[in-house]
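A short worksheet on the structure shown next.
When the chains are written out, they are named A, B, C and D in that same order, and each has its own residue count from 1.
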């Protein structure tokens, strides 16, 4: 099989490597001349046998849409585009329609695994028609982790279902991280009683209910820096977490733990909290409580 | 009527003033010789006509218990002690039993109103027997705000009910403050669109659903300091808020808004968040996400 | 002054009454022949002196947009449209642009007060240019509550600021209601100790920190039905609450109390919780904990 | 090595089996004559070589305390008691003192693994002196899972540290379960888009960030009952979760995700929510919003 990839950043380049290792032929295009295999998308398309299969792996949002719009003008009816980026699932409906006008097929693929994917394989959640998903199966099989297909790959539903599932995956991920983090603080706070916080996390890796891959990563982090003394409690958040809350709101799904995780990140990035200034001001008004004067 | 007060701090002294203004005779005792009327509790008790009525207004916890234990040894059967401090309602059961052994009656009184109570009157929630509450009614009537008795005073239930109601009052208060504070931050954050945040709060004072006394206080605070520039977002919390959560847990009552208010205060006092350090460490492990190095 | 109103539902009709009572001339149009003053928007516009002032009071979303689009084709340059509905503030930008193409001015007005507005007046938050707001001031003065203008009216900022402020107002309102509701449940749950829950809320109306208009309404509700036995714990939510969360997410503002309020409403409407089914299933798997079988 | 166990319920009996399989000699006592090896604790103690090692595995709280009080009167100085039950860590201080009066040593052991422990081994977190912990190591090594000791066992700190760590473990566990459950509901709600919810969880088992043992259990549950149609969303909670919140409050640690998990369980068990009745009553008062009448 011979496929094209548009976008050879960290993820795209890793995927090209993994696909080639699996024996597939891959032609990749990137604006960066140092990593690209061809000069442009026209050359990429010319290099691929019809019906073509092009994997798009560029930043979500306007860039993905512009790449897909470009492909819509250059590909032929019957070709298949797969968006493997972190697109919002609502964008998939736009992309699908854009390509369908030219008779081009579309599959969306949510991809998990981060920097570990090259060696471990990428967890894949895809959306699209059964035929389109089947056609791309050699690519999915090459990218996904070793083991039974269904444990690292799912055809989740219609176009959009892949990115929706990935979005939910990330929402869950946020709350899992928050769970361990709250536990960490509860342990760390009682240093009068607890003498080996890293040892506790290490010991949870076998036999306990909370064992997980994230736990293993936390053990690794605590091995490097047992008191996390080198790390500031400042945490970014990405689109998927925010979209998860928006979809929860749209669908009237209560998500108190996931939203708590997002809000904790927002707070972590504030120098001072306007809301807490307001609470301090109120307490000062009604109770004569002392306030801390800002410098 | 002639009553005794033990404890003439800010609240106790204000109460003595308000009671005297209402025409009651008050003898107060405080360890501070500058404010006390008598030399000790023995002198206080000697000054009061039997059956006596002693209002205790000292810091909650061990100090209140020691004062009540002292009174238990000195008062006579048929006397009545009222604890008007911020005691935990579970302490009332202990205090009631301690006094009952000597035939001394007990009423607990939750008091709201803070520094405004001297002029506005104090909101009162009391617990005890109907007879004991009736007996102390002239005191309650003098302390409570003008207007119909039932709008500023309630006989809430058995001994403990007064402080329980006050505890819940404070739990609600925390969440009300948090509500306005979140709204404040939402307005303040969009200074591209919103040009008069203090004006918005001011305008909510008439005709809106959110009008309240706390809103008036926030308007006052914003008049003094329209951007709250002089105030740090650092907020203490007191026993009642914490007890509210504990009682919620004990009684399986979901209190997501009240607990959110407490947690926001905890966070406001942290230099850095251990939990968020753990999240940052995790993200760095699995995604290669950049972390902020602590200095 | 002579103004037009489009939309004479409960709110629009109340506003027409209040404006007329204040001495303004009002021509109203509604699709319902029983309440309308004129046959259509063309007749409405013909009846108004130029430059015209038209207040739109129809359901937010597509209906408001279609009314404004219709007015854009019929009004003249220099006329002024005010949207007093519950529009999302982002719609204001669209409406402003739509009208500006025809030289028509636009002001957005967030309105609070519900069914009480007719007698108490409506709390008003408006966005637009200083000139446009000034021009409509007789209308705002007639609609707003008695008392100082700034306590029931605010020019909050640019177009959109009025509805943004109203959205935040409603977000706060949700959390205030949740605060009292959590307190109610904490009191109600301890009927072994607390004998007069309605009396407690009644007593909070004077002298306490938690006094507010919502508290008065709760007292009223508890007077009618002291145990709320006739009411099901089923609560709808409207656009403003959801938009508040979305804006919080968009602007990285932590809103744990407001979101808790929304999630509690979502949960209140569920026959059974899919999430809790999943938790029950998990507990059953790892602990052999008994589960409740669905019927 | 020869040890005694008091308490041969599900957990205690499994532990006896696992210890015997590992080659240790175990004498167990239980009130249930069908499972006990001896007639009473006196017989148990007589059967053990001095210095003795007795593992207590009975329900936490009063029962554990009474067993330990009984052992304190019967064991000899230098003997060692290990409490492997789900005791609150604050009870450990009492138990330690009770035994220390008789010169008896004490170690607390938090145990994870549930019904899977017999085959997988039990995750162990212990507190006590280095000497006492070392002395009991053959027992810990027999009970803990295969693999490096530090991945299934930790000497967490002083007496109490084992149960504290276990308490935090369970708090984390609650939030992890809530995280997956919220994700489940987000997927399940969009059945227009998502056609294979169990397949998605199955696919997350390899290569994704959210892979864990709990995920595997959820996959297993969904295999048995893909729509969880047989399970009611009714979830109990146990002491550890509640204690976690109390300790968080005591130590000013914000735990929004863990508390959200507990509150969700509380709500899951309510026929109707008093708090939501109050919100419905309020909405009805101020907005004339329709309410659902209770039957």
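The rule is simple: a residue touches a chain if its C-beta (ideal position, glycine included) is under 8 Å from a C-beta of that chain, and two chains touch if they have at least 3 such contacts.
All of these numbers come straight from a predicted model, not from anything done at the bench.
Q: From the centre of subunit D, which chain's CA centre is farthest?
A: C
Q: Which pair wins on C-beta contacts, B-C or A-C?
A: Here the pair linked by more C-beta pairs in contact is B-C.
Q: Please report how many Å separate the Cα centroid of subunit B from that of subunit C, as a whole number.
A: 33
Q: Subunit A to subunit C: how many Å between their CA centres?
A: Using C-alpha averages as centres, the distance is 37 Å.
Q: Which positions in subunit B are in touch with at least two other chains?
A: Residues 114, 178, 180, 182, 185, 189, 209, 214, 253-256, 260, 263-264, 267, 273, 275, 286.
Q: Once bound in the complex, which stretches of subunit D touch subunit C?
A: Those residues of subunit D that touch subunit C are 10, 114-116, 177-178, 180-182, 184-185, 188-189, 213-214, 217-218, 220-222, 225, 228-236, 256, 264-265, 267-268, 272-289, 291-294.
Q: So in the complex, the part of subunit A that touches subunit D is made up of which residues?
A: Residues of subunit A touching subunit D: 89, 112-114, 117, 120-125, 127, 144-147, 150-158, 160-161, 164-165, 168-173, 175-176, 178-180, 182-183, 185-187, 189-190, 193-196, 199-200, 202-215, 244, 247-248, 251, 253-258, 260-261, 263-264.
Q: For subunit D, which residues count as touching subunit B in their complex?
A: Listed in rising order, the residues are 209, 242, 245-246, 249-250, 252-256, 259-260, 262-264, 266-267, 269, 273, 275, 286.
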